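Each of the next two complexes has chain A plus one more chain, namely chain B in the first and chain C in the second.
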Partner chain A sequence: MRKLHVSLSALVVAATLLAACAGGGSSGKLKVGLVTDTGGVNDKSFNQSAWEGVQKAAKEFNFDAKFIESKQPTDYEKNIDQFATEKYDVILTVGFLMGDATAAKALQYPNIKFAIIDNAYFPTKGAKVCDDTKKDCYSDGGLKNVTSLMFQEDQVGFLAGVVAAGVSKTGTVCTVAGMEIPPVVRYVTGYESGAKWMNPNAKTLHVYIPSFVDPTKGKEVGNSMIDQGCDVVFGAGGNTGNGGLLAAKEKGLAAIGVDVDQYNTYPEVKDALVTSAMKNVDVAVYEYLKSVNSKTEKAGIVTANINNNGIGLAPYHDWNSKVSDAVKAKVKEATDGLIKGTIQTGYKP
Partner chain B sequence: MSQSASTAATTRLSSVRQLKGRWWVTALFSLFLAVAAWMLLNLIIGGQCQGECVVGTLAQTLRVATPIAFAAFCGVLCERSGVVDIGIEGKMLMAAMVAYAVNLFAFQALKGSMGEQAAGDLSRWLAVILGALSAVILAALHAVVSIEFKTNQIITGTVVNILALGLTGFLYRQFLAENLPAGPGTFPIFNVPVLSQIPVIGPIFFQQKPLTYMMLISALLIHYVLFYTPWGLRTRAVGEHPRAADTLGIGVYRIRYVNVLAGGLIAGLAGVWFTIEGVDVFNPMMTNGLGFIGLAAMIFGKWNPFGALIGALIFGLGTSVTSTVSIFRPDIPSQIPQMLPYLLTIIVLTGVVGRAVPPAADGEPYVK
Partner chain C sequence: MKTASGTNRVRLNWSFLSPLLLPFLALVTALLVGALVIWVTSGNLLTVFDAYVGLVRGALFKERGLSESFIAAVPYVFLSLAVAVGFKAGLFNIGVEGQFYIGAISAVWMGQLLPGLPAIIHLPLTLLAGAAGGAVWAAIPGYLKARTGAHEVITTIMLNYVSFRFTELMVSGPLKDPVSTAVQTAPVAHAAEVWLFYDIPARLQDPLNALAVALCAAFIGFVVARALRRRRERKARNAPMVLTVGRANTRRAPTVFGRHSSLSAALITGILTFIFLPLLTRLWWPFTDRYDRLHIGVLFAVAAAIGVWWLLWKTTIGFELRTVGANANAARYAGMNITRNIVLAMAISGGLAGIAGTIEVLGVSICRCLPLFFSSGYGFDSIAISLLANNNPFGILGVSFLFGAMRNGADLMELSSGVSKYIISLIQALILLFVSAPPIIRWLFRIRSERKLIDVSVTGGWGGKA
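Our next item is the complex of A and B:
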């Protein structure tokens, strides 16, 4: 009986392998899958930007590209598995929150290339994937197939804060923030330091909301801060932050967008939108896929910052005439200071 | 069993006024509790929220409570006639998506011929109507299956929720995920003439958007219909003891159908609130469980519209106080104030309400 079992399972395995071979060889195209965070591919913000980067690369290098949206955090691993079983070559995961799922799956599928946005792996005491006996998590810790695409949000947040304090009439600026995770904290910290650098008497307010998909909440929180005198609202939290932008727009105040130029992605609020604190996720994703195409991609951390133009403020668009030259000069000064390292954003990891 | 149910029904029907009398005690008590909680919270934030800040928080309370109250009214209408409806969340989601899409595309079609202002107004109201109607379609499904075919109403409600989740998710991905034109945005604030100038009361009650006013009006309307019209008496009779009602010549099925469909319309308004009055974006699952909170508000209000409204307001107060606390005390971990509305709901549900008795025939299909 036992023998029969063994031979039967061997047969099944062989059949599966054969089937897999047959499936894999037919198409020569590289298959790229994107797993979005709960914000979804239409978040007018960084998931959308990541997908645009994928589409651009797919067109240029003739990849097959597909996305799956995560409805809830428990979908992360499931969605990665789905791409893996469909024999995708590259899987991109969007967002800090997908860190654990991506690491676990990267170890499970060593032949698939992974890139994660906003999450860097460092050896941590007691960590399952990569404990503190390792030199680093990538070459030493087993994540040999993972590239982390990181951004210094604190730097662009700082510049946004300079602009905000510059255009504020009340001297109070505020942030409708998403979940309290490192990339969001970097934005908020940078923004508040920037505002204080521009105007030492500036008052800063912020509220973290534990969701990236709750615009109605974001709007009400924005309204509360506006009641406290805030007249420049920075929306740093995907769709939740968009609610903050809308609150400012409906009250006829100013707002600052996040991640992408929201003048284009969220035109309904363009009257209020002074600028956006951009991190060029699309460029980072595109550059990564380009390196995959030329087989030069490396595991490890790739950081986009002000020195390599991976981040920056969006154009002022309709506000161009309303932002004074003095403020623009201050933004220039802050940019130079950040590049030279003479200005610190106040963010400590 | 039938004997006791009949007695209970008679008692409940004849003691509407008594019920209401006791109801005011509860209402006053919860108001007192809310004020006490507010004072405690103001202590936490060091007395920084005074004057305008208090008014702002209360105005926000009313706004946040609007979809919850609508959801609760839907529950009241359905369950008073003996049909349990846990599919409110699904209907809200469907209405939110349909309204969003209608608002966007109607505006695109109209703005060329009539100017942006008029096109915006028209497409918003069109969105309200069609959004609410889409919820009525789901309600009709619930009604046919649970009234006509007598299935378990909890299961049908769950089916409606899952169906709406899947359908909106699919349609959103197919048509609303990429390359959308700019929409006309949400309703502007409508200041009620004269009344909006009253200090304190004005900014809280009369500087709101249309659906918030509609919510307050429908509370009055539903209360009137349920307790002062023959239709309301029949509805309650059908909810308490359909057999007795039937022998007196009341069309049980007809009453239930109309109530479930009307409930669907109101649940639709709750959903429309999200994308036409609240914000001008849609994302899957954006209703965030408020439909279920609405059911809690309904139970809190003991299946009375005014009670349900107060239940919704308490949850709204919790939500708006949360953001006020977070603003003034950024040093408190953000997760702690976030628990507040739910904590408040539990305390109120367990401590204030006492025993909430649903209509006797609630959830039981009627077999002729």
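Our next item is the complex of A and C:
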């Protein structure tokens, strides 16, 4: 018993000492925090890409960068708050689903700079953040410290659709889509318009699966669409979409990846992967942090599109020889058309 | 340890703490092993300090840290109580996660139905809907078990998936908010929300809300007064026999209101609360941080723990449940209805789990709605909590807070030391290991086993029968 008492006392003393040296000084570096959504920082997709952008900027501009992974939607607020109370200067949040939490915290901490990927607060469509009477949610609605990093997924989806219809033998192309939220809808709409532009007789199929982390379901849906004649599967839904890619690979068909060059992040399906519809989240994040570093960042929506190379198709890799020059020429034509504005993707917000 | 007198003294003074000694030592040992792991993997002893300081600061001392720990503990309490009720009746309800979802979706449905109701009706109704959803969902495997012998471990796990998919279907289909671009249900009515502590003064300005609080206060007054009276009566009954022969009924100590003392206590507490609480909270209220998410679900959790304790150990229903759990054959021989008891145990268990989901939606979710992707993982942690607490409702309160605090503090730990927050899962697993294998701790700390510091019979409930 005495031994026990001694060890317990020692523990108490140690705990007190620990508490005493809890307060640490800051090094004067700019502190950047990234809150991921429930996908986590190794999701082979946009969370990972965002973190890479942060790391690149941190290295270059000598920032102090950290991330927090969210376990569930109710953690978003808490995790943003974690950075805020630790006196971080810049907080990035990844994903459309964190919109409400980011806005709430941005209003609470007007001196911290926020950037959110994939969520624009304007036009609002009845969102709680600022009502529809506001002309601009950012300057009128009080989100003067928020930058939305948006991507025109419909444009790159369009190009992917052109490629898909070009390599398809059956004339049917399909999408295993994730949750039906604006960025995913943009991908799907663009993809289907692109396929129709390439081949007016092309048949398009898509299924929205209400999850981003369900590859089993994605594969199931992919297989059922393959049974309906689809021979180019576009996986536009994080890990759920990956299931669709796997289905195509196992049937020896073609697949198109999403968000990042999945040839590198998901090498298991590289045989099937024609290309990937990339949105360069890392570049967008890096550019944003660069503007923070030079104190030129602006509140509002920053859109990455085909004009500023914020989006684009990944290299064809193993498929380079299998994609005919005619198709490549059509992709070039579509790219030019999108840049000039002579081609519309069919997406209406 | 050597001197008999010293040991005796300690044992006498601290005997009421002795059931806590082993879990406490398990916690300390787990933290030490965790420290060792951090030290080895990071190669720096200072990282260990940074990590644990960050953990404690994040869980308790940072701004809103303590509140967030309580918030994380609330679902743990309800879900662990759910698991514990199951264990006590000999059932391993591994489906609390699914019942949590069903509770959440039922509550959202009820919370949107009937807008315009006052909180005094709508909030209880919504909680009831959540509880009912969970209860019905859990009663299904209970009935299957009782009637067909289908093992509840299998059926509840399978129903988990059904409930996840069902919730997805409802959220992206019939209950989807038509206005929002996000895939989520419409928010519940303001009156159906679980109150934030910050909001209480404002809420109490509505006399109906004050009435609701007064009714709760009156109920508490009634229960406390009755417990005190019972105690006095027991004392009086234990007085020397000579005095009580033939006059047991008049032996009660005199009180102001005599026979109806409990009712009058309730009345007085209720009226005083109704008149003065709104005023008092207006004048002085400690929760002034409008960003603090602490909600009254914390109070519900404490009430639920007391309620479960009362149900299990103070009522006939509880006695039957525990008897069925301890030995179903003996219970049947004693004339108890096994089917009814198993279904009832599962329903109570599922009801508690449903309330956990309800409170998350009504009190924590930022939109006060159910978003798609409401993954939590609370349900599976709760099985560990329930085992750790030896299925004791009050133990569950403590362990839930511990788990909630660790879950909450883990982020700051990762921020301030770079140690992955998943180390927390390791520490929690170690605690569970040490508690369920007491010889390890006894050997480490040289505690003699015959002292029976704690009676760890956590598996008795579901090992006995299948």
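By our rule, the second predicted complex is superposed on the first by the 318 of 349 C-alpha atoms of A that agree within 3 Å, B and C clash if a C-alpha of one lies under 4 Å from a C-alpha of the other, contacts with A are read in each partner's own complex, and residues count from 1 in each chain.
As a working rule, a residue touches a chain if its C-beta (ideal position, glycine included) is under 8 Å from a C-beta of that chain, and two chains touch if they have at least 3 such contacts.
A quick note: this is a predicted structure, and the numbers were derived from the prediction, not measured.
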item	value
Which of chain B and chain C A:66 touches, first, second, both or neither	second
Partner chain in contact with A:44 - chain B first, chain C second, else both or neither	first
Touched partner set for A:278, first chain B, second chain C, both or neither	neither
Partner chain in contact with A:327 - chain B first, chain C second, else both or neither	neither
First (chain B), second (chain C), both or neither touched by A:181	second
Comparing the two partners chain B and chain C, which touches a greater set of residues in chain A	C
Partner chain(s) touched by A:82 [first = chain B, second = chain C, both, neither]	second
Which superposed partner A:104 touches (first chain B, second chain C, both, neither)	second
First, second, both or neither for A:74, with chain B first and chain C second	second
Which of chain B and chain C A:223 touches, first, second, both or neither	first
Chain B/chain C common contact set on chain A	69, 71, 180, 208, 210-211
Residue ranges of chain B touching chain A (in the complex, touch as defined)	52-53, 56-57, 60, 63-64, 169, 172-173, 176-178, 180, 182-183, 185-186, 188-189, 274, 278-281, 283-286, 288, 319-320, 323-324, 326-327, 330, 334-335, 338
Touch list for chain C against partner chain A, complex	1, 6-7, 10, 28, 49, 52-53, 56-58, 61-64, 68, 168, 171-172, 179-183, 291, 293, 360, 364-367, 371-377, 408, 411-412, 414-416, 421, 445-446
Chain A residues within the chain C interface of the complex	1-4, 11, 15, 18-19, 21-22, 24, 33, 38, 66, 68-69, 71-74, 76-79, 81-83, 85-86, 96-97, 99-101, 104, 108, 125-128, 179-182, 208, 210-212
Complex interface listing, chain A residues touching chain B	39-44, 69, 71, 180, 205-211, 213-221, 223-225, 227-228, 239, 242-243, 246, 250, 266-268
